[in-house]
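Next come two complexes, and both contain subunit A; in the first it sits with subunit B, in the second with subunit C.
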Partner chain A sequence: MNHFKLVITALRRQRMRTGLTIASLVTAFALLGLLQPVRELFTQRSSLAGAGRLAVLPKHSIADFLPVRAAARIRDLPQVRGVAHRTWFGGTFRDPKNTFARWAVPPAEFLALHPEIVLSDAQRDAFVRTRTGAIVGKATAEKYGLKVGDNVTLVPDIWGNKNGGTWEFQLVGIFELENAAAAPVDMFLNYEYFDEARVWGRGLVSYITVGLDDPNAADSVAAQIDALYANSDAETRTASEQEYALSFARQIGNVGLIVAGILGAVFFTIAMLAANTMSQAIRERTAELAVLRTLGFQRARVFVLVLAESCAMTLLGALSGLVVAQLLIGSLASVSAQLGAARIGPATLGWSVALAAIIALLAGVPPAWRASRMRIVDALRRSG
Partner chain B sequence: MPLQQTLAIARVNLRSLRFRLSASLVAVCGIAGVVLVIVALLSMARGLESTLRVSGRADRVLILRAGSNSELNGAITREQVRIVADKPGLAASGNEAPISGEIYTSVYLPRTDARDANLPLRGVAPTSFAVRPELRIVRGRLLEPGKFELIVGRRAAQEFAGLAVGRHISVRGTRWEIVGVFASNGSVFESESWADGATLAEAFKRGPFLSSITAKLRSAAAFSEFRDAIASDPRLQLHVWRESDYYAQQASSSTGALRIVGGIIGTIMGLGAIFAALNTMYSAVNARTPEIATLKALGFSAAPIMGSVLIEAVFLSLIGGCVGVALAWAIFDGYSASTLGATFAQVAFEFAVTPGLAAAGVGLACVLGAIGGLMPAVRAARLPVVAGLREA
Partner chain C sequence: MQTTATSTVPFIRLSGVERRYRRGQQEVPVLSGLDLAITAGEFVAFMGPSGSGKSTLLNLIGGLDVPDAGEVIVNGEELKSLNDHALTQWRSLHVGFVFQSYHLLPVLTARENVELPLLLTGLNAKERRQHASIALDIVGLADRADHLPDELSGGQQQRVAIARAIVTDPSLLVCDEPTGGLDRATATEILTLLQALNTQHRKTIVMVTHDPQAAAFASRCLHMDKGVLVGSPDSMNEGGA
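So, the complex of A and B:
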């Protein structure tokens, strides 16, 4: 009879108890697998180096604008592969509750800079050529039943239309995102038409996006851009586009601290539960372990046997918990598009391994030690 | 009779709890942890909600450009403010109408945790203070028109670095002196900074547009008269919100995600706590198998035995629930935090562990305990007498 069989037999002795302990380990690791990726999303300090694109923002306020001509000047800088810009359109689509983002962009430059936007060649051409064209992410299109060729009516808030009343755009494409780091929810409108028809603010954009030849040049290009506009009317603040998106997420609150608090409370309880279960299980089996010793099992072997039991339970619980987390994590996208980008990564796996090891040892070592130290005669007499 | 039996057994069980201390503690801690986390998350939602709700009054209106959902997106002319001031339904006050056209923008500043965040900056008119009589200066003094001066809300001063009276901040090459700190019943305005509107418009080269109009009605009942007068004037493409409705809508949209996330976390943690309670109660029943069999042999029926196990489970979770609520209250009640509001700027608020939340937490604990105790209770009741006695 090998060790493995002995461990399995021991675990199956009190199936209900083993099952419940593993189930509570599953919930703890499911929470870890769900919350740690969210925490990373909010706390990772992404450096500029290696960033795919830069975002050039007005320095002082998100309510400010940059002149569109700044884009042309940035394009002439070394290492810059391409430049596009975005202007927050806002407005209302059907109901104020429909809050997907709407941006005015220059179609050709924008599509060239965003290879992750998957659009058929025909729809790509249509977006570039249609003056009143718009494209929308598949998730939003499905949510509101939009089809290519539909008219999209937007009621303006910031940007009044010279022709009065509402803005009419023609939906010429529905896109998906490659290697989706977020759900395809945004709507993009043709900037040229938008700029001609807006009541005020001609030539002003919300921010400029910059593509780089060499991602490692991000820091130096960012510094050059900010130097170019220092002390001008339109001072800039350049960061990686990812960092810009995250800066909003971080302003939601100290998610890192909250998550750490929740997980701390959960794992403290689960470790206690597992330790209690293990010591109870070993106490009940004192006589059996004494028999094993009588049969010639060394102290070390008994120690390993008991420890293996707690390791097996923790391992099973941790693995199933992460599987559950993987299944649940997709549902975060329904809470917010940004949370949908959470993925179980190396850090989550590292934490899982570390916490599983700690729980297995905390729960397994004390009873294993007691079991290996006991005197056979006492143990057999006590259970007699 | 069965009730007496139940209580008799329960009393013995509870007295013997100290012999099963570690197992019982696990159940208590499990429940306390769940209650702590859920009450903390809900108290955050409750605090944010009450901050937004006290901001709006039924006898005040917020006027935005038609189609606009928040003050950040407004574009209103001064001419429109003058037209609105003549509409019926507004409160009468001396020679000046209680109406203020305001600029709403935000500036990027370091918070006390050194991370940059958006501080709301409101360009106000002299009438803004008459429109919001709840606002009072707690340190320093009011603004003087035409000067580069700021007053900051009590909570903004806590959340952002360097917003003390007498300090200066530079924005866009202009230097602003902080001359006062104000409070306003814990409303959302306490998260803002205020400057003289005309000075701000010039310094920020904002052009002639205002973001919103706030006005005081004669009474809450005058709302429809006023709204209809605005709607029927073709010169005004404006939407009138009753101020309380505007903030109620923001409250429900900004706490929605928090409640969903709290729900997901709470469900998973609740399951874990039920497993812990089940485990504890099953081992309690196991440990007492001979005793239970003896009781049955003496003539106790199944119901009191079941009831006594349930009572023990609920008792343990009641302790856990009270511990959890007490911890949540001690750690989080009044804890100040800030989040991203509807205008992409910071809204500061305080966690509020209300009596209602505390009761809900303890109630939840009892439900979890009852669920965790039910199956072990059934097992105890079904225990065959002979097998149980033999084990002894």
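So, the complex of A and C:
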């Protein structure tokens, strides 16, 4: 018998009620662990420092384009190791619900700039040499049963084909990503074929990718690139690649604010629920706490016992919730590469600790205070 | 005849004690100028109708409440002069409480309930367990140590409560209707146990009861009515039942 057991047995008094409250806490902290990293992804202002690759974007909108010739001028800048570009292809593969990203890229430059893409030498050569070639991430290949040699038909939406029909590509490679938590999903198409066959926009690209000799030169190279095209008809905004990926999602609104709003509402509700549970639990045990005071337990000791109960309940819920979140994040990688890249980092842990402390205090302090200040005689009399 | 210091200095002394409670706008006197002396080792029963102030008197003696006027001195300590912290500590060292409704923690076993007051001592876990076992042995429940209160009869639960009251070896036991919820045979067992604690272990016991047969186990029975002691102050039950 010790104080710890006293706290734990108190929590087990009303197992159903405590269990449901802890389940609510688990849900809340799982949401926090899941959404906070996502919020961070959407709200962070990416620092260019240390970025090995830059994305040169149209200055005003990701829906604009840059001329492909801009890549050549950028390639001549000091510290630039290589240049490639990407153009959002869109289109429909089999069903509009199949939403994996499809990009037109110059194969040789693109692969040179992305050493993390793992392809066999044969498939790498095939992608470079095949005019209608395409490669796809392993996750998408497995999901749709695609294999090397298959013909891939894409129904155009943005980019009409000069032949007036569908786009036909030959799958020449299935790639993986080095050191990635999850299998990749994107599909890459040969830009040369795409550019020749599209109805409009010849020579335009969505953005230019720049590889750097020295990641520490990212800021200065970015500034040089933007200066190069300042006051032109193709002004640029140079950012990290991640920033570009996220700018798509930002189009749906202020995701960070939405997530913060959801989490705020959830935690406010959970805090009230936990406070109600603790308040009710302590009210039901008024006589027992009065007996402890009678036996010689000081006010402070009773206060700490009740608060410890609240802390134990919150801690259990918070830890379990974060474990659940970590498991869910792992499974998200198969849905979205960006979400899959989310991690429960120090910021999320910091938020968890802060919120758990706030909930524990909100739920625990009022009943702990009442329990420690009660008049023993009145409490015993009321209980008979 | 010359008397010894122990016989002349009462263990419990109440002088001019007044206690009032506020009910709405009115102050209701519960104890009115009460004087009382109890010597060490006595077993005193208080009887009287409901509202006569018995339990209030017991709360004052046990340090659960303080008087509005007058003084309560127990074992040389003027309780009114102690702040809450000191009074709480005093209770843990000197007083054991036995309630009519036992007030055991239902999620703890008999032994764990008895161990509760020992959490306030410097004893380690093993010593606490040993002390609790001894207390349970004294009340005849050593074989029920690992049972939860729900698994014990009313009389057994009250024995556990008594074990909890004596486990820290206090000099004073305060018993509020300890047999109020028990049948006659069980009540007699409990009262016999209290009597043994009084005679064999020299515990001073003050007990409130409505039951004359319970009061008969005390060495002295005092009657209260309307906040004062009534009848002959010398009314005593010689040796109990």
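FYI, the second predicted complex is superposed on the first by the 285 of 384 C-alpha atoms of A that agree within 3 Å, B and C clash if a C-alpha of one lies under 4 Å from a C-alpha of the other, contacts with A are read in each partner's own complex, and residues count from 1 in each chain.
The criterion applied here is as follows: a residue touches a chain if its C-beta (ideal position, glycine included) is under 8 Å from a C-beta of that chain, and two chains touch if they have at least 3 such contacts.
Please read all numbers here as calculations on a predicted model, not as lab measurements.
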| item | value |
| --- | --- |
| Which of subunit B and subunit C A:317 touches, first, second, both or neither | neither |
| Touched partner set for A:31, first subunit B, second subunit C, both or neither | first |
| First (subunit B), second (subunit C), both or neither touched by A:287 | second |
| Touching partner for A:273 - first (subunit B), second (subunit C), both, neither | first |
| Which of subunit B and subunit C A:297 touches, first, second, both or neither | second |
| Contacts of A:10 with subunit B and subunit C, given as first, second, both or neither | second |
| Broader residue contact with subunit A after superposition on the shared chain, subunit B or subunit C | B |
| Subunit B and subunit C footprints on subunit A, overlapping residues | none |
| Residues on subunit C engaged by subunit A in the complex (per definition of touch) | 55, 59, 62, 64-65, 84-85, 88-89, 91-93, 97, 99-101, 103, 105-108, 111-112, 115-117, 119-120, 125, 128-129, 132, 164 |
| Residue ranges of subunit A touching subunit B (in the complex, touch as defined) | 16-17, 20-21, 23-24, 27-28, 30-31, 34-35, 59-64, 90-92, 96-97, 155-158, 160, 199-200, 231, 233, 235, 237, 247-248, 250-254, 261-262, 265-266, 268-270, 272-273, 276-277, 279-280, 328, 331, 335-336 |
| Contact set on subunit A toward subunit C in their complex | 1-3, 5-6, 9-10, 12-13, 287-288, 291-299, 376-377, 380-381, 383-384 |
| Touching residues on subunit B, where the partner in the complex is subunit A | 22-23, 25-26, 29-30, 33, 36-37, 40, 64-69, 72-75, 105-108, 113, 115-118, 121, 171-173, 204-205, 207, 209, 253, 257, 260-261, 264-265, 268-269, 271-273, 275-276, 278-279, 282-283, 337-340, 344, 346 |
